[in-house]
């Protein structure tokens, strides 16, 4: 190759690099735009939606789902999924509440730690099934979704733990604010930042992406795939356990049905947040934004005096709109990239290559 | 040489079910020496590689590291022992950046976790050594096969291993990159690294290696010093018989135009490409890696949408972006990436062969299993496919045999225009000759063949006409008589305009 | 084709034809021993039903029968139908059911009745042709009106009020809400305005968000009625920690255990509920009376229900448990359920 | 192909079959009231809707997509039925309209997936809420119950112990199984589920096929809605809430790979039956509901675990790079 050819090529690729950076940012931009639209429009119709008190409420409402979405992201980037989170939350919430109610002597931090460990154990069951026994994650965790809930039901036997049974100090965790920010939201934020940093800056974190991106290659690269997958599930379980006690502290009334069906909300948040469901890409920040968007929609509909019967439909429509908006933005950028003679193979009109395609 | 080998195999065997892929093979790799492993497709070369890298555990026999027996429980163990491997098929993480691919698991660490700047610098340095122009931050998804292979090479180099195993690293590369790679390999050799090199291009073995071990049907045949043998000797050891001429191109009379491409443009990919292919003619599309040859083929076949221009087959214009329409018009495309584009790895051999021609084996609305199998068997035999059962998944076939399945799939359709993209990539000498004979026969029977190839001897030997692409444009059209290594390379590197 | 009006004609025709063929009741027949009575709540492991069914099983023990609770863990009509069929196969003497869908369970119940099984509905009625007797915890009308009265007292008959219900199609809740609206038409409520009926879907999260939404969109809200236990608990929890605590009044239906804390801290002044254990107890006796032939479900028949005394079957086969209890600071500690 | 089938049978379908026979024998011997005509008839009837939706769900999952909106489509179709019935339309006209509504729902999913290239999981989580929400908008809290007795009794009628609805399932199952296992279209579905790109290169009309699979899934959901409505004689907006998980569970238990490209319809049908039999037998045996859930979960995990354990053991003795997670 001649020197000139080399230089033009280098220039071309540098331009490409800046664009790639931009695309990377755009991945979360789509959802930020959607969030902006949601808050802007709702605030315009009813300004009370944008008061600090209201924003606090929304933060508080999204804290638990956001935390679950962060945990779920850990699992999803490895090309797995954990449907059992809602059952783990239920189990942990009930377990924690029961201990607090029946053994008032146990210190609160010990109860919280216990719940986290309980969640981690459930996560370990999932992790071993998926990582060691090679049961597809969807099957394994659909199974443990039923199984953990069954244990919860058997344990509760129709019992309900009420606010009056739990110590005030514990319940106040669910409502207290620090510097005007709800404590639960702070906990979620800390979890988000820590996990986000680990995924981006630790070898182990990057290896999770590698596993999800190409599992066979991960083995060949000497990555301890099994160990990493188990770890991702355990971490997700631990976060679900933490979310469980948070749930108990927040709602005060706990029975065996706590959080039933929440797994779909969590997955929706992750998917809306731009985490590729077939692994390998996406960030916890996106997932947390997804959770914020979903709870934002629920709150906005409540504030907008939308007819109750229409809420579900509008919720679904807005969810779809967010996904489509995100996709259209991504397509725009991809097209712009190609026009700048940048290397591009995945023509969005054609089926994306392989099934690893991150379709979002 | 009487040093101890760094890594050696002693009497190892490995069977997959009934297939005895490797039978009591011994092999010794010495520091400062490039050792070649030769054999036909399915001879067991890649299996040996995977034993050396800890992917497979041998059924019997021993692996010795510095003369001491070791057991590799997995790739991680082999890596720790200083073995770096470039596998036959790229093993990249498409979602991650090129530099992360290179340093996965060994990312340089700074105070706050991974030190991206150091990683970028490291990648750039490796690319510099290989003369590759890749952006370290670019995601691996979408890299051409050649670029993927180059990243694989960089990855292996970055390990600074004592043993470097390369399973057909050059199959996807053209001359320039191969030369660079060899330069790097020689440097490593002189630094005392032991190298194992596999290639179906015999001239490469003779250029780079000192010793060659030959396998046939999984069994050890011979170990020779390269200096002691000729290419013909090597072929005889591999095949066990004499081979006919390598490029038996028949002279044919070109008929009317079958494929007519006019001013075809896909923005940012290729521009203003016009050419004809006539019946009975083999037209080669040459060029450097990344010149856009495959992209033209993809567009013509309807995989990608073109932005301007037209494609006609037998005088009828093709609908853009529809492989179905292209197939109905008699077009066939053997794609360059057999794993992603050519084959459905989980499906059986017969299902893969049948996939493109389901309409031909129909009985009413149903598929006739008998007809499907008959067709598959017919073509498997014609292409000398090495297989146990037609119902085996293609994923268990060796690389070359997989390539044959892709060929069979398309030839079984009896296309009138055949586009083959790197048809002999990873195919052994014997079969390569067969593929060439086949292409030449097809042309003789009136098929118009467009052949994309990065192998100059193949281009020169097979083509009636050579089209050369440079940076997304047709740079030259050279008739067979004028086609020489020099003229083609000149056009490919943009040094001459036709 | 077949249209709605065709079906209406046919069914009215057949209804007149098939009326009075029930065998006569024998009010003096003794309660049979060893009666097998199955309780089929909307959902098992629901604390409310657990208490109710325990009451029922207790009653069965008293009269020498055998009670059990079975049922789905999701409150869906289709899974209740599976249980009805199973109970029929098991040859239970009576099924005591709280219907998730008043119509969907009817075909299966009819089959069971044809096979000789007596059917009592409690808590949430089925369509009348699907059961012999409905044990009503409290008249829908009574409940709806007293809720409004409770709240009106607390807010001084003045201001905007809202309802936080369960799902938009919860039958019980909707009937009560209709009576609330009717009650509000009376002149003494002319200063009260029902501004919104919100639906928390009996989901903690959603009920929470809906309560927040109510307070945001109606900053001058005076009170909330939540006629569902999940809703009232979530609303109480939210209010207890918001500046609106004590200002926005909350009442509705809930259990004393669940709301004890909020009554004591002043979030809730008063709320009401019947005693679920008594409800199950009465239903159990009604089932036994049916299975023993004491009653057939016709209006005016009487039966004894243990410690609760004598009950009379009213119009449309309804038996009324009695008035709900109002719970407040003064009496709440006397109850434990 | 025969060998393919034989191998499949050894792994998956064989296991499910053994379980099915085993549980049935145990239940007939050990559980009162299981082995009698009316119970069997009820058991079969009770699996109808899940079986119907599982047929198309199998095709969709084999094509490496998923449709989580089926139960909501069912609900919407029920709501349309109730609404039109209240409006006075004859039922014979309403039924085809319902099927059209199902087709429209499926087409909507299909368009979003194929035209915009959105992942079907995301799309159908969205339409899961949208379709159910539209059902609420249409029918609100009304329950339409005065449906024509001719149809409601037809839905529960049976020939001997075999319900008519099961005959419908059987006929459609034969159609679907033939389509998947014996036609070119079926081959294409399997191929594109396993490797879209290679299928596209081989001239498979990827988008068209996926689109029509979603349409089929929608139509099947509305067909199931008709059976559901008439069987329970109740059209409500919340009909069939939560069925999608049951359908997916049955399909996965039947040995279909969630990654696409692998699975057989006989396996899925046996799995649907197995789940039905286990449920029925355990309820009859008065096993508490929590145990029932636990057993369902365990069954799901164990059925995949069992064949894998062998593989795991083998891997211990000889490490080998595993491709996709076995399923």
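We just call them A, B, C and D in the order they show up, numbering each chain from 1.
In this text, a contact is a pair of C-beta atoms (placed from the backbone, for glycine too) under 8 Å apart; a residue touches a chain by one contact, two chains touch by 3 or more.
Predicted model only: the values in this text are computed from it and were never measured.
In this assembly, the chain whose C-alpha centre lies farthest from chain D is B. In this assembly, the C-alpha centroid of chain C lies 35 Å from the C-alpha centroid of chain D. Note: centroid distance chain B to chain C, computed from Cα atoms, is 73 Å.
Put simply, the C-alpha centre of chain A and that of chain D have 28 angstrom between them. Taking each chain's centre as the average of its CA atoms, chain A and chain B sit 41 Å apart. The residues of chain D that reach two or more other chains are 136, 140, 195, 197, 200, 242, 288-290, 293, 321, 323-324, listed in rising order. Shared interface positions of chain C, defined as residues touching 2 or more other chains, are 44-45, 73, 168.
Counting partner chains per residue, chain B has residues 55, 74, 303, 340 touching two or more of them. Chain pairs that touch one another are A-B, A-C, A-D, B-D, C-D.
Those residues of chain B that touch chain D in the shared complex are 50, 54-57, 59, 73-74, 301, 303, 323-324, 326-327, 333, 335, 340-348, 351, 354-356, 358-359, 362, 365-367, 369, 389, 391, 395, 409. By the touch rule above, chain C contacts chain A in their complex via residues 43-47, 49-50, 73, 168, 196-199, 204-206, 208-210, 212-214, 216-217, 219, 230, 233-234, 237, 241, 257-262, 264.
Interface of chain D with chain C (complex): residues 32-34, 36, 38-39, 42, 46, 85-86, 88-93, 136, 140-143, 145-152, 156, 228, 231-234, 236-242, 279-280, 283-284, 286, 288-290, 293. The touching residues of chain D, counted against chain A in their complex, run 64, 68, 112, 116-119, 121-123, 125-134, 136-137, 140, 192, 195-197, 200, 206-207, 242, 245, 248-249, 252-253, 257-260, 288-301, 304-305, 308-309, 311-312, 321-327. Taken in their complex, chain A has these residues touching chain D: 129-130, 132-140, 142-154, 215-216, 219-220, 261, 264, 267-268, 271-272, 276-278, 309-317, 319-320, 323-324, 327-328, 331, 348-355, 357, 359-360.
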